[in-house]
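First the structure, then my questions, so here it is.
Going by the order they are written in, the chains are A, B, C, D, E and F; count residues from 1 in each one.
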Amino acid sequence: MFSVTVRDHMMIAHSFRGEVFGPAQRLHGATYVVDATFRRTALDADDIVVDIGRAAEVLHEVLAELNYRNLDDQPELAGVNTSTEALAQVVADRLADRVQAGALGDGAQGLEGLVVTLHESHIAWASYERQL
Amino acid sequence: MFSVTVRDHMMIAHSFRGEVFGPAQRLHGATYVVDATFRRTALDADDIVVDIGRAAEVLHEVLAELNYRNLDDQPELAGVNTSTEALAQVVADRLADRVQAGALGDGAQGLEGLVVTLHESHIAWASYERQL
Amino acid sequence: MFSVTVRDHMMIAHSFRGEVFGPAQRLHGATYVVDATFRRTALDADDIVVDIGRAAEVLHEVLAELNYRNLDDQPELAGVNTSTEALAQVVADRLADRVQAGALGDGAQGLEGLVVTLHESHIAWASYERQL
Amino acid sequence: MFSVTVRDHMMIAHSFRGEVFGPAQRLHGATYVVDATFRRTALDADDIVVDIGRAAEVLHEVLAELNYRNLDDQPELAGVNTSTEALAQVVADRLADRVQAGALGDGAQGLEGLVVTLHESHIAWASYERQL
Amino acid sequence: MFSVTVRDHMMIAHSFRGEVFGPAQRLHGATYVVDATFRRTALDADDIVVDIGRAAEVLHEVLAELNYRNLDDQPELAGVNTSTEALAQVVADRLADRVQAGALGDGAQGLEGLVVTLHESHIAWASYERQL
Amino acid sequence: MFSVTVRDHMMIAHSFRGEVFGPAQRLHGATYVVDATFRRTALDADDIVVDIGRAAEVLHEVLAELNYRNLDDQPELAGVNTSTEALAQVVADRLADRVQAGALGDGAQGLEGLVVTLHESHIAWASYERQL
């Protein structure tokens, strides 16, 4: 199994609902350093998993929809706690939609899996893994 | 599949028995930077894998039992080489005991797996992965 | 010249005023991984620059005043853009006040300088350096 | 499941064939920071996955065959784009050959899997995973 | 004293002349992860050292002149060993030229110093520091 | 001003004397990831600060004298707390002796300064800086 990972980041504000979150129920924020990993069993005709440049662009586009925003105001995220792990799924699902729409080219149709990891600090991070 | 990871560290002395260890048969020591990863298929009612704050506390408690000690003197580790990989299992099993005893709350009963990684330097680390 | 550095972090929301900031004029947020470096010419009677444990506690206390908050609502920060570099000075000055008030013990009266670095992402950070 | 990882690096020149590679079709180069992960279900008689020192030596030998070279001139790599992911497989397969030839000792016959990750920069890396 | 640092990278081929370089006399390559640090005594009217976005763009432009190239073929580098430290000076001097030409805006005229660090691997890096 | 840094590590046991050290008064240990930085105003005739390969070898030799040892048993360290900052000076002074004895070659006689940083964990490190 092969994989390629690209890294980018986003800076957002948000708050959480629920006693378990303690002081994080207040409006605060985070830098998420985001790693997107693309997986496939065999390389394509160019000997790659995916074009790293295009993968980085698509990740940047997905993060741009959330970057420099207060996630509490995003209608599509209403009613969910935008925890690091929940946001990992949001980013992964949006990346998957773009892969399936052809944003990474025809060769990328051979991609089989995707992992998105969001690092919220030097001591905590979360991931979501799904098939493509 | 979702996961959340928290990081902490411990500083211990120990020695190894067996020619394969060369100079590490002498009493020496290590800082282990420890990553504990908790996994589950679906998020809980708060949209999280586990409360990161509580996970960090439980990891800290487990490491406190070993921290600032000479592992050669710990009765429960007698007769085993406390290699990085063997210690990863010790930490993982102690974390699993605490999860099963409820230390991470009721929501954490949905946890399915656990990975513990101990970084012994910038060029070597070891992991142990188990089910919950 | 000797130095000791301890690392912690904080997660805040804020916004900026001024066209130069582009989309960062919107309410967003950041995780700042914060390094505080203490400097002195000679070690104290215990052969240290400062007690690392106490230095870490004092840094944690200073960051707790800002952590999990919207900095736009902090009266003492009104009228200033809380850029990474401006916040580095805020943290450094508050640390200096505590050092001078004796929070790091008598031995720490020999400290001569302080550097605070805030990492806002894997590709950008800022520092402020001052005397003690 | 246990694993042990060792890290080393190599510095090579190469070029790519195919429009997808854009400016990387020109002769350029890379530092690859290489992580080799060895996996097995149970520890050996010395309570380890593999001797870390020997694993590091074998990885160093494999990388020495490629280090400080122009990969475009390596006969055994002719006709393939030496992408980060393709090189991860080259390194993994050569490591596997050495493990099977006994370079890591008899205890290492219990190894079950191998992952090789090549970091090409702070924002991109690739892996190849195989059985042993 | 305040500073702001931005990080980017470039991937180049080159070779060295001189016995001291051993196998690095062969054509090989490197990824340089490049940190550019801008320093000044006081913040500007926007409470910043320099606009991080513009600083990142200018660094990217300077690196683009070298990226994906064989430095042995660059006329302006003829006759010099493009060691990590020598390249740090090349990047710093080109950044300084752009700052002085106004590429970072009028506020950046207050910049006083510049440090460029090139990381060639996880175990070696080099810097060049100069005034502005 | 130019600088070159090389990184290595050592794994030692030790204990501290003095109430300020709390549980670190017990025999424990540490991995120190060690960075040695060499500085000079102008490059040598080979366009380098120092031969990185030789610098790495000399650092490795100095660390080998301490590696895999209980520092409490080292006669030359008797009566001093081997704090991270105190050890940084030990390593720096031993490096300086070797530089002055010619271990880095004639070109290295132009070196002017030296900084040694010991990282004891992901959240604490210490440095010692001196002239050559």
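The definition used in the following text is that a residue touches a chain if its C-beta (ideal position, glycine included) is under 8 Å from a C-beta of that chain, and two chains touch if they have at least 3 such contacts.
Just so it is clear, the model here is predicted, and its values are computed rather than measured.
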Least hop count linking chain B to chain C through chains in contact: 2
Reference chain A; chain at largest CA-centroid distance: F
Superposition rotation for chain A onto chain B, Cα-based, multiple of 5°: 120
Homomeric contact chain D-chain E: same or different residue positions, threshold half: same
Separation of mean Cα positions, chain D and chain A [Å, integer]: 27
Whole-Å separation of chain centres (CA-atom averages), chain A against chain F: 40
Chain A residues counted as touching two or more neighbouring chains: 7, 122-123
Of chain A, residues touching chain B in the complex: 18, 20-22, 80-86, 88-89, 122-130
Chain A residues within the chain C interface of the complex: 7, 9, 11-14, 23-24, 26-33, 67-70, 120-123
Partner chain F, residues of chain C touching it in the complex: 1-8, 43, 46-49, 51-53, 56, 105, 107
